[in-house]
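Labels run A, B and C following the written order; every chain starts at residue 1.
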């Protein structure tokens, strides 16, 4: 659509529609409403840039016994020795003559979970799509169909990504438990890496457990709580966590990136991973 | 404790209008509605404004103060710095009638489109038995004072007049949720119609409705998202759809 | 607009003025009886002052204590009203209240529940048993929303059946009625104007139900919204109906006194019901000093017993904070006058000591909200500052109890706060919401029966012209009086001279001053045009308030005793002879006249519900000897 036409359409609709109070400003808000979307863009872009770079790098994701969450489970035959917890069922995938980094095979699922997440939807619709950029600030789009059409209709399938997310949480928890080994493979040791991966698993479980689809599945869909006392109890717990879903979303995102970064650094400088015992 | 307050009040009607500067005294502890009343009584006898209870319970004095949808009776003057000019305009999602008064009939039309509660046949007055835990979710939504700030702030209609036909808005999503979660309601197609007739799918969960709600109803988390999930159960989840064909879950739950 | 060619005209069977609880209930009833109904209200649909009712709706369902029944409720109501109630209204109310509540539930109201899943009931001042159906502390909102949704449901039925939702019932929001029209001595319709545009509207209808609520805006400090301007009282007076006992006004003991902007706003009685205590600036829990003799056996006279009551209500007397409203209001007034008040002229009300923060937020959510957001006070940590605020008018249109028909005018009906008689000299908390429902329904039914028996009564052109000229009048003058100024002056007079404590001299002064304002008000001029012009609206409201104030002051001057919502400093005691007297106000087109009229005596079967020794406190020995009328 040509910019001029878009502008004309915009003039005719929204807060500038016929009959509404004639006010030329798109918003009269005096606070710094643009800061929040700006921060969101900043953090999400940084994450995307970092994660993309790391996925393409295809190296430094395993430092016995630590594996980066970006690469776990490593399913490709290109995976470094010891990193493939579940074996290598796919061989390896080649696209345009390049071997696809094993990270891509798995990153797509957590990515899908977050893309369809009820919290992230708010975050990216406000920041990237500016629909709206902030409350009572006119959005720059002439047309809007919400989540009624492809591709956004996929957001209705959030629950499936949630279930898949649970599988990943389990695997990453196993990774964290394996981090109680030392580089020689002996159990009963603990390092900074153990703590990093344990926290990573914890935050991810928190993010999943506080998910709106989880809340629905565990009890939200019930009509009579009184007939399901146990599920009601569970629902109240999840509901409480759910209020913190946004916090879990950000903390878990940042910590996943940090865990990967830490594993990469340990892979380059093994001494970084100090052992407590 | 008086202070002098600079205001810009939008005055006009559906054809013309603009912001007018006013200077007025304000006392300690006063809210914006008090100030508007003072302007009315001393400077603009015909300044139009809706209000009733002046206690945040009736939802009449909805307007936009410094661009934010708010109840004028719940907005303390003290919240604004001494030197700040406070800008007061009517709601910007609805047609204006005069000054700060808008035509909110859209909302009453939408109310008419939501099918009412349907009690079980044969149940007589005095007979219903409901547990507190089963009514609590719906009770939250019945706190709504119909100030329509959520409707006003929702970009789906605020920024897209053409969506008004097909979108009921947050106030009526909580009404639908209230009825769908009512322990005795017999009408069981509310999820389907929420999506297909009332425009639930247009909502992209940007949560402005929740942000502006003076009753602090968790419109998005407790009504819209649960309804979206219930819709998904019926329309977008093949496994549950299959399950519901095999055994009649609705009875069980 | 004087040309009737452009006049907006409507024809209905019944016009209902007011869309609060009573008006909407009347509308539903008339509609279900097969009539066409117009609901006319000054605000938007659903904003009525009923939403402000917090505590609950009193009905003896016996869900919490099965000793409760209509007879106990009736006794409580009569006691609360100091036996000045019209017995028949109190009887109908007590008998029918449970049905009205259960019916609401069928229409979608979600009251708080008991363990067994029934409607929960809470304690309230003056009620012997837990009796108030409630939803947290927003019961009035629940009631209005339920009624509103019931009306929508009926309109949806019409839409389905006739393809027109508004065929049988239509809401005319933001319309002010300025006059009730009569032809041949009978009601023929109502005339008014649309607030949005100022354009005039005629409703032709053989029956009109007045359900306009209260008169609080006549006073300076009030819990009422701008709508409480006594419109219905004045409309009825001008139409030839009577007002009964206008001297009785309820000052709610606990209104907010600080900050300024929220002065008058109510602090629900539930705060005391849930354990809130009243203290003065010395820290004294002063209510123990103010228990009147008639209540000595029902209220604890020491703190220990009062505190125990919250845990064991069967073996202890209730705390004096739960005395009827008039007693508490007077007690607070006395403390403040004696110099033991707070800085802002109130006393302290504290729940923070007895209940945990969590419980307070759960049981009194909107109170917490109200104080936190409007006043910056956290009631879980600090006490509230409260004082009396004009809350409710017991007096009102004199009606036939069974049909709610206004005495003296065929086709006119009144229900809810605008009707008098039901509450006697003082209303019990919680009785208002069920009053609305019980008599709203009866008014709707009464109007329906009347219309079926009488048929249409066309409005004459001359009546329209007269009504229209009145609306135009303020615009024809320039440089006249300012309605806002006159309103403030009136409020000062009523506050200072017709307020909570009255004397003969002050009332006489007030009557003269009100007459003076009335004279000046004939010269009000309005700036701007007709379109949503609040100055113009106030001109009409003011006229109504002046009539109300005059009725109140004149009735108050005549009643030489203190009872319920009428306290005379020069006649401090209750007098059994005065109990037999109702004051009837009527309007001769120029001034309000008051005459005394005998209060109908309790019939024997109701008389016998009481312990004779209790009746002796209120009745003369002859009345006791008679043992009630036959």
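Please note the rule applied: a residue touches a chain if its C-beta (ideal position, glycine included) is under 8 Å from a C-beta of that chain, and two chains touch if they have at least 3 such contacts.
Just so it is clear, the model here is predicted, and its values are computed rather than measured.
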item	value
Chain occupying the middle, per Cα centroid	B
Taking each chain's C-alpha mean as its centre, the one farthest from chain C	A
Chain centre separation in whole Å, for chain B relative to chain A (CA means)	31
CA centroid of chain A to CA centroid of chain C, Å	57
Rounded Å distance, chain B centre to chain C centre (Cα mean)	29
Residues of chain B engaged with two or more neighbouring chains	131
Chain B-touching residues of chain C, taken from the complex the two chains share	43-47, 49, 51-52, 61, 98-99, 102-103, 105-108, 110, 112-113, 116-118, 120, 135-136, 138, 141-142, 145, 149, 152-153, 155-156, 159, 165, 196, 225-227, 258-262, 265-266, 366, 369-370, 373-376, 482, 484, 526-529, 531-536
Residues of chain B that touch chain C when the two form their complex	13, 27-31, 33-34, 40-41, 45-60, 73-74, 76, 97-99, 101, 104, 108, 111-112, 115-117, 119, 123, 125-126, 128-132, 135, 138-139, 142-146, 182, 216
Residues of chain B that touch chain A when the two form their complex	10, 12, 14, 16-19, 64, 66-69, 84, 87, 89-90, 92-96, 102-103, 131, 133-134, 153, 155-156, 158-163, 181, 183, 199, 201-208, 211-212, 220-221, 225-226, 228-233, 235-237, 253
Contact set on chain A toward chain B in their complex	13-15, 17, 19-23, 25, 27-31, 118, 121-122, 125-126, 131-132, 135-139, 141, 143-148, 152-153, 156-159, 212-213, 215-216, 220-226, 232, 242-243
